[in-house]
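Scrolling down, you'll hit the structures one after another.
Look at the two complexes coming up: chain A is in both, with chain B in one and chain C in the other.
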Partner chain A sequence: MTAINVDDVTKIYGEGHTAVRALRDASLELRDNEFLALLGPSGSGKTTLLSVIGGLLAPTSGRVTIGDTALAGMSKKEQTRFRANRVGFVFQGFNLVPFLTARENMTVMGSISDAPRSEIEARADQLLDELGLTDRKNNLPEQLSGGERQRVAIGRALVTDPDLILVDEPTASLDTELGTQVVRLLATEIKTRGKAGIMVTHDLRMVEYTDRTVRILDGELLDEA
Partner chain B sequence: MFIALRDLWRSKLRFGLLTGAVGLLVFLLLFLNTLSATLLDFFIGAIESNSADVLVYEETARRNLQASRLDASLIDDIAAVPGVVEAAPVGELTLTAQIGEDLTDLSLWGVDLDGPGRPAPIVEGRPPGPGEVVMDESGMAEGFKIGETITLVPSGTELDIVGFVRDRRYAVIATAYLDFAEWVAVFEAEFPGTPVVPLSLIAVDVDDGLDPAVVGDRITTAVAGVEGLDRTTAARGTPGVDSISQSFNLIVGITFGIVVLVVAFFFLILTVQKLRSFVALRAIGASVGYLARSLIIQVIALVTLGSLVGAGILRVATLGSNPAFPLSVDGRLVLTVTGAVLGSSILAGLLSVGRIARTDPADAAQGIR
Partner chain C sequence: MQLALAEIRRRRGRWASITGAVAFIVFLVLVLAALADGLFIGSTGALRNSDADALVYSVDGRRSLVRSQLPLAMRADVAAVPGVADAGALGVLLATATSADEAIDIAVIGHLPGHPGEPTRRSSGRPLGSGERFVGLADESLRDEGVALGDSVLLTGSSQPIEVVGFVSDSQYLLADTLWVTLETWQALRSEVRPETIGRGDVVQAIPFTVTDGVTVATVGSAVDAALGNTETVTTDEAILSLPGVEQQASTFTAIIAVSFVVVAIVIALFFALITLEKRGQLAILKAIGSSNILLLRGVLLQALIATVAGYGLGFVLSRLLAFVLPAAVPVEFLPRTALTLFVATIVMGALGAVFSFRRIVRIDPASALGGEA
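The block that comes next holds the complex of A and B.
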């Protein structure tokens, strides 16, 4: 079943002389249980495309459909609920909440999403175990290593059992060994749960853990690698 | 609630310090209000808590009891005004009195012990008879005791203290009440040769259900040369009361503003510091309402705790207050001040909510490119 359908999406920042075309007529389709690598250099539009798919940014034109839900026409409130319940984000800078422990950074989703709190807590404990973080669950982000923080961010993305996992440069601040370990873990979690996932990266070594790779350059999606 | 309480718990020092600061400012607010209320009670308690419904002044006295001179013949004229049940004379003299070896100021009131203006309620002892007085109970802390004798200076008139009455102090000095006929005798002894002893006021009781202010107006209209006022208007109209109230209100208002600004700026600074977290939370699906509730919960927790700290300090301060000028914790005042600070702080917290609402969740992804 088609999990994501990006149809002819264009995103332009600014207006007039200052307008920047970040995405040009991008089209993409992703199925359930499929993990896709979006490969491109800095400034190519990878993160913009990820943000448009995740309902963080509205496209200037074109259409994005997640499962049977079209993002166009959604109110801000509906977009927020959509992100809380159906999308799991792993941001490049982890973006963990500094005053919440590793476990709380996951269970906070129990008060944000519509999923029952008890369900979120049980799933958080399971994910902490799977991600090898059980011993670190009561530590604050500042007490965790870069790899551990990245794993917490992955756990937070998965804890609501979303339809779609969007990951932005998961290896950017990790060394090669740790980066590989994190991406392998991510791929395992996505495939085990049968989710659709997109990983933005510019690191060619990581694409071997994905099902397919799409290149992006100057906002245009190129032929699949 | 989830992030609000955890943030509070994990930033105990930061929030604790602000709670302390709010507590001190709330204490200052409570203390100033208490001081103002006690000072005004001591200044005009005899008027504000008088047992009469209406007090009648000489028209040109401009509501100054000590400048008011009324002729006793006016009592009958006033008693004839519709709505008046009874009218009685009141005299006031400010004298020097000797108690033991000490000299003190004394406000001596002559009243009809059974009529309007009677000293009530007697909280200790009994009503005065000939050669006797009851005193405002605040006199106890100044060394006045039942059974002691006050000697008026220079006449040497002796008056025995036989009881204490509540909330009837005047002009912030010891205040005593005796029968009006006795007071006339004191007046004549203090000012020998005075042809006529003038009344300071005429105290009036009005029919049940009638508004004293309305009856006061009727008296003003019906009787030439007098002004009839209900107790509250008479008390608030006493010269000096406005200045005292305005001065305290100004200081209280400024302090109140400082409390609210401190809370507002604190939360705004915290919000700016935590903006990255708020952006991330919005990106993963937290609504502005959710984050606003968290912030407001923190404001409520902090101001409530701060108010408790302020009330606690006030309690300690009142325990150590001078018995002659006793300060006490008024629960209603604490609730009112806490409510006002809380309401205003929540409004001030909306500044921070506005800042959160202006964040763009896309920055969580875009901002770190």
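The block that comes next holds the complex of A and C.
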């Protein structure tokens, strides 16, 4: 089944002569269980594409459909619930809550999403273990290394068992071994739990764990065989 | 909820300072309120703890227990009005007495034991007998001046000491300690202390009365005024508010306390406005991962609740500690009812202040989390 359908999406930031065309007529289709790598130079529109798909940014034109619901048809409230329950977003800057510990940054989804708190707690502990963070679970983000923070952000994205996993540069702060391990975990989650995933990366070695690669250049998507 | 509590736990310093600010204002408000209550209680006890339903004053006395003058004979006329159950008499003599080398103000109140107008809160000793001379019931406040059961009080200008045979509580009149005597004793003392009143005949200040069941005090009051002419009958509650200064004090304190509560709301509003501004990044993250505005508002309200409850608790304790060091002469009264009212008001104002930042929270764009390196 089609998980994500991006149809002719254009995103323009700003107006007049300062306007930036971050996405140009971008179209993309992703099936369930599919894991896609998004490659492109800095400023090419990778984060913008993920944000449009994740319901964080409204496109200037074009349609985004998740499963069988069009994002444009959703109210603000429905978009918020959509992000809480169906999207796991790993931000480029991690975006952890500074006064919550590693574990709390994950379990906070118990209050935000509709999933039962007990389920979230159990899954958080499992993810902390899988991400090698069990020893660090009671540390605040400021006490964690960049790589540890990144893994907490991945844990937070996965803890609600979302339909979509959108990951912006998951391995930037990780060495090869840890990076491989994290990407494998993402791939397993996507394959075994019927999700669709997009991972932005610069690291060509990570591409082998994905099903497909799409390149983006100046806001245009170029499929790669 | 978890989020709101965690924030307080991990940012203790800042929450301690807002709690401290609330505590300080609550402390001020509680002390002011205690002073207001103390003044009210100290000014009105003589009338508040009377069993009379209404008082008859002379028209030119303008509801004053000192200015009003009525012939004692009118008591029978009042009692004869249909609906009046019983009538008494009240005479007031403002005098001084010397105790431990210090002059104290004493309001000597003449009344008819067993009839309306007598003090109802006897705390020790025995009641006065009808017509009994040169014995009296002292207000508990006279104990602080060193007066004990069986002691005698000698008024300045009088040759007749009055033996204290009992005590009554909460019977002060305009912050003066009261000494309750029979009308007969009062007349004798008045002639000595205020010789100019000799020859005015059997004059008293007011005629308090009770009404029979099933009639309204106002109706009977009008009937009394109609029957007697030249009198003004007011209910006891009206008489209390007509005491000099009582209503003005009450409204002044109410105004100060109301302003203080506006300050509580403003302090909380400013605090939350400030931390909302500072937390814009975090709030954007929380919205980006799916927090609704309502969820964030609930967190802010919970935090305001915690800050105001803790601030109130601290302010309350501080105000009680102050009561220990205040001199006994300062009329403060900490009433549970006042404390409860102020508690509710503090919480409501805190919540109002917090809600103020809701608009700001709603306006935060979740997409702004994308740029943040939080």
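Quick notes on this structure:
Here is the rule we go by: the second predicted complex is superposed on the first by the 220 of 225 C-alpha atoms of A that agree within 3 Å, B and C clash if a C-alpha of one lies under 4 Å from a C-alpha of the other, contacts with A are read in each partner's own complex, and residues count from 1 in each chain.
Keep in mind that, in the parts below, a contact is a pair of C-beta atoms (placed from the backbone, for glycine too) under 8 Å apart; a residue touches a chain by one contact, two chains touch by 3 or more.
Just so it is clear, the model here is predicted, and its values are computed rather than measured.
Overlay on chain A: chain B and chain C clash in the combined arrangement.
When the two structures are aligned on the shared chain, A:85 is found in touch with chain B and with chain C. Shared-chain residue A:64: touches no atom of chain B or chain C. By the document's definition of touching, neither partner reaches A:106: not chain B, not chain C. By the touch criterion defined above, A:49 reaches neither chain B nor chain C.
Put simply, of the chain B stretches 61-69, 187-195 or 205-213, the part that bumps into chain C is 205-213.
Shared interface residues of chain A (contacting chain B in one complex, chain C in the other): 47, 51, 56-57, 77, 80-85, 87, 89, 91-93, 95-100, 104, 107-113, 140, 156. The part of chain A that touches chain C in the complex is made up of residues 47, 51, 56-57, 77, 80-85, 87, 89, 91-100, 104, 107-113, 140, 156.
Those residues of chain C that touch chain A in the complex are listed here as 1-3, 6-7, 10-11, 282, 285-292, 295, 366-367, 369-374. On the side of chain B, the complex with chain A involves touching residues 1-3, 6-7, 10-11, 276-277, 279-287, 290, 361-362, 364-366, 368-369. Remark: chain A residues 42-43, 47-48, 50-51, 54, 56-57, 77, 80-85, 87, 89, 91-93, 95-100, 104, 107-113, 140, 156, 168 touch chain B in the complex.
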